[in-house]
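Structures are listed in the sections that come next.
There are two complexes below, and they share subunit A, which is joined by subunit B in the first and by subunit C in the second.
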Partner chain A sequence: MSTFKYGDEKITDRDIMVAIPSMAIAIGIIVFPRYLAEKTTASDGWVAVILGGTLAVLITWAVAKLAANFPNQSFLSYSSYLVSKPVAVVMTLLFSFQGILLTAFELAAISDISHQYLFDRTPIEMVSLTFLLVVVYAVSGSRAGLFRLNMMFLPIILITTGLLVFLSIGYIEKDNLLPVFKTDFRGYAQGTLDSALSYTGIGILFFYISLVRHPKKTSGMAAFGMSWAVILYTIIYLTCIAVFGEQSTANIRFPLIELAKSVEVPGGFLERLESVFFVIWIMAIFNTTAMAFDVAVMAINSVFPKVKKLNIIFTLSPIVFFISMIPQKYMEIGKLGDWVGYYGWGMTGTTAIVLWVMYKVKGAKQSGK
Partner chain B sequence: MGNNRICLIFLFVCLCMFLAGCWDAIDLEDRGFIAGVAVDSAEEQGAKGTFELTNQFVVPAGLSNESSGGGGKAYRNLSQTGESLYEINADISRQANRTTTTEHLQIVIIAKDLVERSGVFMDLIDVFLRQQAMRRGIVVAIASENAKELFEVEPEHEKVPSKYLSELLENPVNPETVKPLQVGKIQEALLNRNSFTVPQLSVLTNTSANYEGVAVLKGDTSQLVGTLTGEEVKGMNFITGEEIEGSMKAEVDGKMATFSILEGGSTITLKNKDKNNLQFQVDIEVDAQLAEYLGDKDIYKKKHLQEFEKVMEEKIKNIAENTVKKVKDEFQTDVLTFGNHVRMHHYELWQEVKNDWDFGENYFADSDVTIQVNADLREPGNIIQVKKDGEGE
Partner chain C sequence: MTRGSIFNRLKGKKQGNTSQSPVGKHTGFTNQITKNLDDNLMNVKQMMGDPGDLVVRELTIGGAGTRAAIIYISGITDEDLINNNILKTIQLNKKEFESNQLDEIHKKVIAITDVQKSNNLDDVSFGILNGNTAFYLDGQETVLLIGTTGGESRSIEQPDSETLIRGPRDGFVESIETNIALVRRDIKDPNLRFKQHEVGKRSKQKLVLCYVEGIVNPELVNEVSRRLESIDIDYISDSAYVEQWIEDSFLSPFPQILNTERPDKISSDLIQGKVAIIVDGTPFALVAPLSIGDSLHTMEDYNQRWFSATLLRLLRYLSAFFALFLPGLYIALVSYHPGMIPSTLTYSIAATREGVPFPAAVEAMLMAITFEILHEAGIRLPKVIGQTIGIVGGLVIGEAAVSAGIVSPIMVIVTALTAIATFSVPSYSVAIAFRTLRFGFIIAAAFLGLYGIVIVYIMINIHIVNLKSMGIPYSTPFAPTFTNDWKDLVLRAPITKLTKRPSYLKTMDSQSKDNKPG
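On to the complex of A and B.
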């Protein structure tokens, strides 16, 4: 088996800009309107989406800025310089564990959803395994190839989601949007937390920025990329509320899927449009899963540079598959998702703060290396 | 090396077999597409709380044109009784020797006597929302008598009765009907405990069904409290400002005049905040055209125009007030969106009254409604008059 090589495995700013929203748009986009609608009144949730999004954009910027101070250095090498080698190794392994968990969660969730709506008689393990095999195939190839895949899929995802919103206009009831700003402070706080949690995977920046040849402008580009995801989330949230109303949104398991199911193209030509949207979401989730897995592999590879990449992949995949099979019921999958979200944010946030503090203390003397 | 290649080729050939396989494949011929579902009470035959479910399947062979063979009925009705709709459906599936598919389900009809009981309607709707293959766009109607009889109405232009019925609910632009009601909207209303209206159908002849009016259902219990018909529905539409377009008959100086309402709308305002005696004002705006007039007034004269407009205003006011009387005093059920107005524009007040809006304390029944109408006669039609002006001016 020969692997394709795109030049020298280097990427540009623009690849990072596309990778960030590709990573952020995942399972969260299908469920987050429900969590948010539970906690806020009428259409007020958009405030929480924007606040949570601003937080995500800020952290994205901070992480990218930090990593860009050490161009062409791996996470392990610059964090070793900042916080000593053993701590850096532990951090890297923790990030790799986060990648594994995130991969497993996306795998479990996508198999559960497709089992529900698409293949109700195919064993769930079979769906999972097939999906995982495709992810493994993507990850074992060139890393730059993965970024090209992002670049190819993201416009399709954005355009079709935009189309879905456009087709829902006929179903909008403006009564559902009123009254405005009636949520109490607690509601906003909880909603902000919830929506922030659905912007997953900022941590990939710690690793991927080392691939950027000239990372001077990368932090701005990454933050800009994250803001696409925030805008998309806001639009989707408002559409769900306007079509279903706050109470129904809070009581629909997957509001975005129901939205796709309720939309009909006028003329009765296409009655079941959701099948098209399923394909698109699976593409979005594939991107997230592949990148999460890739980062896990990359992190482990940086700790054990002598082990071949393929060997790491083949060791990790059964572990991922096993973890994804642990949650059996819908409640457990949701729980796993929460944990992955908290873990990811905790990890990324703490690392960003610690490294920034150390960076301010020590300066970037080695950056020219 | 050569051995390896043979192994690989063998593996690929084996894998090819899986390419054609699909765990979930059901051939189209083996699927039974349900176009409509009717729910009746089965109490005469069995224990309490049992339903009779009738599924209308589409028979594709019957849909084809006469020229290409086929013929015969394009539908097949199968009924079973039981307590859980999902289980009855499984029974029907056995009887139909097809895998039932609800993805193209268009209409659900529920018999009136079931809805008259408290809470039954919500229980029945649950399965249509919970099942994954169901879409939120399925329309719901109530049958005045027997729901399954409606599935035997065979119109000349449409081969599947369910399709005819769902089109009947969706198409008419008539001020005596309401927008089709989807299951998704019912979930919204029930969660908010908003009262709502459901179109009510009955069998007219062998070949047609009748849109009788709209049934009024209480939001907290989903119990049917009454039916609005004819002008009462029109009055409701005037107040809510929806589906106003259509005809309206009035008398000008004892001569009949029919107006065609082109467009219009309404605004609701709340005058005070005393929750025990809320005062609502409804302003209705209407633009109309003269469609039919049996008198001899020259409508190009300003005073006659004003007279016509005044007649319209009074007529609309009259219709709307009758509806308010019936809905507020008799049914004590808010289907006129007053509660929604309070929720949207006076949220603090709504928090106080929402648990006793049109049930419990029933603040709605204690409220007062005044109606103001502003009608414009915009178009006289093609001609001015057929008869010569009687006044000889």
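On to the complex of A and C.
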């Protein structure tokens, strides 16, 4: 039915460029200033954000470059070629599990935060169930549709967050930023690790680049997209520290939302804007969740090509819902988040290194198509 | 679809001696034109059931007095034309014709340009039903079909559904010939194509697919033609039938094909590289593809200077936002997030809601439904008593409902603002979509507050990104992104900067060359 080439399931470099920050900006953006402020002195955390970000950009570039060497091939197909079929299947399933975990974590976190900021009487299951259903609706649609959603939502998210930073300028106290460079090496190292964990989901590139028709320039675009996220994180971190100071930032559960709470719209039209900002960040979290879930589905589908996509979705969603219900307190949710972060980074890093080494040994196979 | 298929079918039934024809008695005629004039006339009359508006005028030709007849249906023909250019010229002609009388009459006597020959009763009767005049000559197996289509029709007026302050004042009418002429007058390009189709198994209405060859993407034309071929229906009362038959998703609240009464709209869209469908019998022409970005545009945007046009567009986006979200936001704020409203306002809202027995959601639902009823009734009411609606709406619903304590004054303001905002959406079919979705937001806000609103908003977006119009993503040029097209999307760049055709249409013309991959 689709007569125009851009209307089909293929995507462009630019879609990847937008997908990367959409994936990276998630729950992490709301909580990371706290972790970072715990580890570093005054405003020094920005060094850690940049270092962690650089690491993320590098990995993004490496993963994209690797995947782009096998244009229009699925992860399973090129990793089978590089590291033999059984290993590739295990890797794919591990990635799928990461997708499931990430979806569950975002679900748990979003219900927790909405419970705190939006409504405290509505049962938490209701909140996460509706969110999950919408994610399922998005994933059951076309995959290209997900990328279009990123494109629709990312500008809204960036503009709103920029607006928030702009509105906070009046509350900035210079002294909070000083003194500079007083953190010890250990602090920087830990901070870097923590902030790197916030850049979730580079692993999606292993899968999504197979949808790009001409992936030659994709690696650069993906790295560029990741750098947006790094810049955004740096600005947010500096703003939080400048407004609250290091001590309070370290003790606030969701620093970014508190920031939204403290600003005022000129004219007094609306007050306590944190709900509005949070609601808009729900879109960012939604994008991450939908893509994480979609990658999980895509990975499983590549291992079991005969099973229908919808059946996979309907099988996975109860599992996701169940996992998201396990952590009870927000501390446990945070733990789950750390877990998911470590797992994702470990998975992506290891896979990237192993595949790159094998790629250097074996060389590229002629494109399968 | 072949013309005259019913006639063939009826004939087949007759020959098979099954007299149970679905459309009454149709026995006693043959499909062939014979040499005998009386038989021929009898055949035509029998076939049509000898209706009162069928005019059969017999006459003799020349000095030898060869018998002849003209047949037409009064009311759909131009009788002056028949009298002056057929009847009169034949009667005044006293010359004798030698070998081929019919040819001679065709060439020398009948003073009308459009003359066709036929020797088949199906074609003849179809021609007569279309307003042509059939000329029978005794002893001839060929019939002349003379183009005399005419009759009463509405003259060109300003379209009611899309009025502009500045812009051409003409609108389409019910006659397809006039409508095609209106477009032709705008675009004098030999590449302008009108590909004719026929729709309606029984009504046999003309439908033309217009496009400008060399601009439009041929794949688009093929796709639309393919879908038009698939239409299988007896009669279409409006182009809406065509729209609903060929649209991509009938489950969507959004219109996927634009309808308009304005020739200038059609012309400018054709030049952009879209296709238009004009159907006989309706002033509403269709334009495809439609994307979400087009739905808030009007022709007026291009007729005003770019600065004011841009501001007006922004205003329209704002009112679209109100039309969709306002009642939902009100409910969410009042019932779930009262902290967000400035405290003084909260007190006054609380004070006005003092006597109201219902929760905000019920109140909003009541008012929204009342408004929809008023709106619907206002359309159906004759113009003379239309003012009643104003009184009923303004006084009874507004004043009385508030003083009776059923709704709060704030709610009336919210409803009124929403209503006005809905009317500023230029396309009626888009406005209906917004009105429908508004209820979704009201319900979502009633259950989940702001969270519910954003969830429904995300769902609508999911729907939009998966929707297509003639195979083109509905969400373009936002996503898939065509930044070149953003000059004429939310903003309206100066005309001098709008030199390129929309890239999302992938037009053939080099003027809109796009160098993006994929």
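Everything that follows uses one rule, which is that the second predicted complex is superposed on the first by the 359 of 369 C-alpha atoms of A that agree within 3 Å, B and C clash if a C-alpha of one lies under 4 Å from a C-alpha of the other, contacts with A are read in each partner's own complex, and residues count from 1 in each chain.
In this section, contacts are C-beta pairs under 8 Å (C-beta built on N, C-alpha and C of every residue); 3 or more make two chains touch, one makes a residue touch a chain.
Values in this document were obtained by computation on a predicted structure and should not be read as measured data.
Contact comparison for subunit A: of subunit B and subunit C, C touches the greater number of residues. Of the two partner chains, neither subunit B nor subunit C is touched by A:156.
Residue contacts after overlaying the shared chain place A:247 against subunit B, while subunit C stays out of touching range. In the superposition on chain A, A:357 makes contact with neither subunit B nor subunit C.
Shared-chain residue A:175: touches subunit B; no touch with subunit C. Within the superposed three-chain model, A:58 lies out of touch with both subunit B and subunit C [touch as defined at top]. In the superposed model, A:119 makes contact with both subunit B and subunit C. Residues 118-119, 122, 126, 271-272 of subunit A are contacted both by subunit B in one complex and by subunit C in the other. Across the complex, subunit C is touched by residues 1-7, 10-15, 114, 118-119, 122, 126-127, 130-131, 134, 137-138, 141-142, 144-153, 213-214, 268-273, 275-276, 279-280, 282-283, 286 of subunit A. Across the interface of their complex, subunit B is touched by residues 41, 116-123, 126, 175, 178-179, 182, 244-245, 247-248, 251, 258, 261-262, 264, 271-272 of subunit A.
Interface of subunit B with subunit A (complex): residues 23-24, 103-104, 132, 135-137, 182, 184, 187-188, 191-192, 340, 343-345, 347.
Put simply, subunit C touches subunit A in their complex at residues 217, 219-220, 222-223, 248, 336-337, 339-343, 448-455, 458-459, 461-462, 465-466, 468, 470-473, 475-476, 478-481, 504, 506, 516-518.
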